[in-house]
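Got a structure here, written out as structure tokens. Questions coming.
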Amino acid sequence: MVMKRALAILTLLIIGYWMASALANVPFGADKMLVAQYYLNHVKAQTGAVNAVTAVVVNYRGFDTLGEVTVLFIASTGVAALLWRKKRERTAETEGSIVLTTGARLLFAFIVLFGAYIFIHGHLTPGGGFPGGATIATAFLMLYLAFSAYEIPHRSFEVTEGLAGMGYVAVGLIGLAIGSYFLFDWIWQTWGWGHSNIGRLFSAGFIPVIYTIIGIKVGTELSGIVDSMVKEGGE
Amino acid sequence: MNIGVYYFGAISLMLIGLYAILVKKNLLKILVGLSIMETGVNLLLISIGYIAGRSAPILSEGIGPNQAVDPIPQALVLTAIVIGVATTALALTVAINLYETYKTLNIEELRRLRG
Amino acid sequence: MINELMIIIFTPLITGVIAWLLDIKGLREGISILGAAVPLAYLIQAHQTLTSQPSIQYSIVISGFKFEFLLYHLSWIFAMIAGVVGFAAVLGMASTTKDSYEWLFALMSLTGVYGIFLADDLISFFIFWEIMTFGSFMMVLKYNRKASLKYFLLSVLGAYSMLLAIGILYAKVGALDFTTIQQTLYQDAMRGVLGTNTLLSRNDMLLIFGLFLIAFGVKAGMFPLHVWAPDAYSETNQSYTAMFSGVLSKAGVYGMLVIYILLGTRLMYQFGRIGAAPKFGYVIAFLGGITIIVGGLLAALQEDIRKLFAYSSISQVGYILVGIGVGSALSIEAAIYHAISHALFKGLFFLIVATIVLRTGKTEFKDMGGLAEKMPITFAMTFVAILSLAGIPPLVGFASKWLLFEAVIHENMPILGGMIFFGSAIGFVYLIRFTYAVWFGQRPTDLDDTKDTPIPLAIAMGILALLNVVFGIAPGLVATELNKIFGKEIIKGTIWELNIGFGRYNGLLITIWLVTGIVIAGIIYFLGAKVRRVPVTDTYQGGNPVTMEYNLTIRRNFFLPLKETLAFWLRISFDRLYQDIGRWVEDLAETLRNYIYNGNVQAYAWYLAIILLILALWGV
Amino acid sequence: MINCIQCIEYVMVLVMILAAIFAVEWKDLLAAVVGMAAVSLVASILFFFLQAPDVAMTEATIGAAMSAAVFIFAIKRTQRYETEEEEKLGWWIRW
Amino acid sequence: MSQYASLLIALPLISAFFVPIIKAIGKKVVMPFLVLITAIQMGMATWVFNEVYTTGKPIIIMAGGFRPPVGINLYIGHFAALFVLIIAVASFFMAIFSMKAITVEPKDKYAMLSLLLMLGATGMISTGDIFNLFVFMEITAISAYALTAYNKSGEASEAAMKYIVLGGIGSSFFLVGIALIYGSLGTLNMAQIAQLAGQMNPTVAQAALAMLVFGLGVEAELFPLNAWAPDAYQAAPHPVTAMFSAFVVKAGLYALARILYLTHAVGSWGHILRLLIILGTLTVVIGEFSALRQTNVKRMFAYSSISQVGFIAVGFALGTQAGVSASIFHMVNHAIVKALMFMAVGYVALELGGVTLEDFKGLGKVMPLTAFAITVGAISIIGIPLFNVFWSKIQLILAAMKAGKSGVIALILGASLVEAVYYIRLIHLMWFEEGSRERTRIKENFVFGTIMLLLVALIIIIGVAPNMTWNIVQKASADIYNVAQYIKNVPLLPGVSP
């Protein structure tokens, strides 16, 4: 055992040295931007978003984000498929304390609202669809922890998830139909909505639309994962 | 060899994660290792995108295009984080299934498929 | 697009596929026989064409390769062997084959053989080699897995050695067609003579020659690569074995000739001569000589008639190799002559065996006897075949063996001559047994209602037997064709007579003498013979007392004393050696597999770490 | 030239590495998961330092909270302690 | 018009998202829906294939209307067009097969996951951005994890666990490789990376390339990074195994080759090639050896598949266009053959309940058509002329000859010899040995029989007349090998360069 640990540490140190020596040639803190500088220069004009990261995520690298959403979708589908049992129910015995239950009831709406805020304002402030959706999922997670019999409406969540996903692709396909490019920002570039109010909520083309979709999707997906993990299969 | 503290931290996280995979016998521990490793990679990406003295790439009041850090690694890491959590969730599900079948998480004993 | 060469090559395969797909009894036999007959007809027709022009060519481009085919005198002779014996074997199969599977693969292998003989570049040579191997392999697979596996592995080993050799040649010469390779290597040899740098080094040549030798040696059944042959020949449809032994082994022989054609000059320059023979040829000849002896001795020790003829076949191919190896024009002609006669009489033999197996269901000497009475036609054929194989004039076997012997002796090679002579002697030894044990003596009661051969088999045997006689009485027929290969009169004489300058053989004359002798003997017999009953118990065994363990009759362990004498040598078995190697490899593989894929995910993660470590340390 | 921000960075990275080591070494899996979440949290603070607020938020919510929650549910359905005994010598032979 | 090729990505996605809704309508509809979608995908892939091969120009899809390297582009060149078609066809066949082969609930999830598997592989093959490649690789990998564990048996979970752990390590290091490349070049677009590869710091380039190859090696099943593969192949549902072998591993191999040739300006390129040849050789040797005495036929085929992958990797690592052509040809042939064989094995398992050698005894009498299909596939893999794999093996050998690597020739030939041993045993077992159990002849499903015969016909057609396929393959290989042309084909935005 000691031998194995020592071997592991030795191996890892060598690998680490190798990585470090490579990284030493990628100086920390230096300006290495090439494509990114183009983004920073053109982000406002081309997408209307103030938050460059959001613009990159949704507009410039929209394909990645589509893939990312798909990955999460696969995970939730996979978890549901693998934990599928004929009959499943929750097995928690103890109800949360009074403080927890009341608190959860009270906070639930606020957390959901906060999550919604995060993803709607993704193009202006840090955040976006993914943290927003995760925040919403946290709200449901809290309900699961507080109440021993709580269950999300399983079926409708799944449908919502699917609809949201379809909505994302549909937005992209509308772009294909209108602007002849898949995931084309037709709201900003073709229709030109919101050019006058960059930096405010109603701007940035389809970023808020997509982030809303993503937020809903991520929220339902993560809640779905939690739901699948919590419920145990009975015979 | 001069590497920043962030690079050092990122590499350390990766190595610690890999160490857990190489040494620990418990499946959940291995997954913890995998998760830590992914965090390390994310940190590495973000550190590569950092430019000294610049601020976050939110081009609102008074921050021009030449005053923001690189937004691309941040976008990449967003994706990577989500992918990481997806992998983790799936892996844990598999671990649950394994435990329900074999009543153990010791990878030394999870060797029905071999040869 | 459609060319007669294509028709010759692909008709068997296409008819085979059709027969296999239709699978209607009666029809499939008809189609298959047609498939064997059509190429034969075209080949006979091509004989006319070849008198007016030197060759028939055809080429086609597939998958970036140019496939070239060429029919000229040498390939015509070999193709004719394939045509005649293949046709006879297919006729025989019409009576012995039970399902369409065999038609497909038998005809596929026929296509392969035609392809080999007509190929004019190395890639098509190789491809058809593989097709032939595969077809014949599937024929054996149906009957016996172990035998087929042994056959296939050795064949594929051979084929791949060939491919490797082709690869080296291609890398150096840059071409795959025979003409270019031949010319390039000839020029290379000239360059060597002039003392300039040669294209291929001595080691290259050694490697290429060795690889080709393995490749063709396997197929020809050359010692020590013969181990597949006894099993494969015996474990398949015996009618097919007529083709297998008669034709497919000739592919190996043809390959040896291809070595001469392509590499001959270059090899000769590189390695020189021993006496009159080229040194590399001497290797072939010597291995051929050993093959004669080993095959002959082992044939004598067999208890199974199929095995007996399988070993006998190996032994006979040894003659051909000796002839090719000696390397004079005469000896090569003699070798080809013997290839023809071997195909004829060994094809006949295997058809006879097929008849016996078909009608009695038995293959071992101990279950047989007295069949001559029940199967007179087959016996008549056997008579011809035995005389031919034993080399008794006026049959074709004598003519070719005589030529071969003369050729070898003429080149002052007494050892090889001795080997040939020994082979002939041992031939008598095993043939005696076959003659007596199967056809004469007491008949086991369960063979009492054995019927004679079915008609297709009879026709097939008839064709081969007739040719055996014709080519024996009129050896000039063959000789004129052989002379065309070298373009000059190596073997002079008339149609009835072979004249090689220092000896002559007149088939007609001998026949006349023989017939006269037989007539006289017959007269004496009929005048003076009296039938006398002999008690069955009146037997003796070379001075040894008869016990149950040491019970030597002609039907059982007849050559046990010989076996005991040779006991030391028989222990050395290449067959067993190859099997041991195979087992070691498999054991090693299993250990390796269990060690590497041990099921532990941590171990697998370590593999990844090790690769990372290598990447880190190696600095890639 | 070590200023205060840099001090904090150093401390943070150190804490993160320590948390990671604890997460790997603790026998109690629940504690290990908490350690892992701590790593994520510290990392998200470091993301803030590196001017990546979006990533920091995502890491905090998804990387730390959700991931830890999923881990905890999994532990609840399996076992809490790492019971695998230390193995005997010669592990590389017994493979 | 050509931008509509992005439907290749959009269609499977939107249909996968549609499955939960269609499930609400009726559970029975899900599997036919899967078949329908894959059929449409096949139609589109055919259209794209036709478009690319008639115009001779690649289709560049620019997502969001941004020109590369600003936006992500998909590059559907000759190679991608060919393989998108293969993926779609294989998925279509396997979707049909799944209708009967998948018995474990929840089938709607299976439909989604297999659609996304197809999507992931399609994306991997067509993307022109290195991080997007990572994303699609993860899509493929994660859906593959889930599908491996789909049967929920202990073995399935175990295999998935191994796959996840190894795949996780691999993808982490792949990401580090991407980070290094981005850190030194500031771009993620493959064409631009190829353009700028020569300017990279050699140390960084070496490490980055090594890590990318390492990460992809896990997906591409190179020994010893392939330890997950036999387990996953064995434990996954049968159609999934066929898909793994037909296109998932191929996508990984393609990515490996693409990245390798894009970075050929990097100084340590030769080293990587040498390493790949060594790894490929080991893959072949160990794979063949492991298949030799395998009693589980599915696992045997898995090992055989792995060793074929080794051939392909070696071909790519020769570093010549002939090698690339041969490898792609082998990829195509292997996809056809292994789809056929895994489908046949799956069908046997479905009908007889097991895939050990014992079950295969006397299969020729019980399920003659299936046994015939397996036989043809096996013969083809051994490399008998008149069957398709022969041609690709010959081309590989010729390529090795031209590259002067006679060791590779010996490797291919030796491996074929070993293949012959175990496949011939199987063939003999199926046709000429009697099973210990009495079995009556099973009436074979008409549709499956048709599919298998179709694949058999394809094997023989390519075997008899390889010209057409070979021409296609050569164009596809030019797509990978000719990097200068690749860079020229991608309409890089002029302003964005250092």
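Observations on the structure shown:
Per-chain numbering from 1; labels A, B, C, D and E assigned in written order.
The rule we apply is simple: contacts are C-beta pairs under 8 Å (C-beta built on N, C-alpha and C of every residue); 3 or more make two chains touch, one makes a residue touch a chain.
Computed from a predicted model, the values in this text were never measured in an experiment.
Of all chains present, the one whose mean CA position sits nearest the global mean of protein CA atoms is E.
Summed over C-beta pairs in contact, the chain pair with the top total is A-E.
Between chain B and chain D, the centres computed from C-alpha atoms are 10 Å apart. One inter-chain figure worth recording: chain A and chain C are separated by 74 Å, centre to centre, where each centre is the mean of the chain's CA atoms. With each centre defined as the average position of its C-alpha atoms, the distance from chain D to chain E rounds to 36 Å. With centres set at the average Cα position, the gap from chain A to chain B is 16 Å. Of all residues in chain E, those that touch two or more other chains are 131, 135, 138, 142, 145-146, 149, 152, 157, 161-162, 165, 169, 176, 182-183, 188, 206, 230-231, 290. Counting only residues that touch two or more partner chains, chain A has 4, 8, 11-12, 15, 18-19, 21, 23-24, 26, 32-33, 35-36, 39, 51, 53, 61, 64, 67-68, 71, 74-75, 78, 82, 126, 128, 130, 225, 229.
Multi-chain contact residues, meaning those touching two or more other chains, occur in chain D at positions 52-55, 58, 62, 66, 70, 73-74, 77, 87.
Within the complex formed with chain A, the residues of chain C that make contact are 609-610, 612-613, 615-617.
Interface residues of chain A facing chain E in the complex, by the touch rule stated above, are 18-19, 21-26, 32-36, 38-39, 46, 59-64, 66-68, 70-71, 73-75, 77-78, 80-82, 84, 155, 158-159, 161-166, 169-170, 172-173, 175-176, 179-185, 189. Contacts from chain C toward chain B in the complex involve residues 593-594, 597-602, 605-606, 609. Residues of chain A touching chain B in their complex: 4-5, 8-9, 11-13, 15-16, 19-21, 23-24, 26, 28-33, 35-37, 39-41, 43-44, 50-53, 55-57, 61, 64-65, 67-68, 71-72, 74-76, 78-79, 82-83, 124-126, 128, 130, 199, 218, 225, 228-229. On the side of chain B, the complex with chain C involves touching residues 18, 21-23, 25, 30, 107-108, 110-115.
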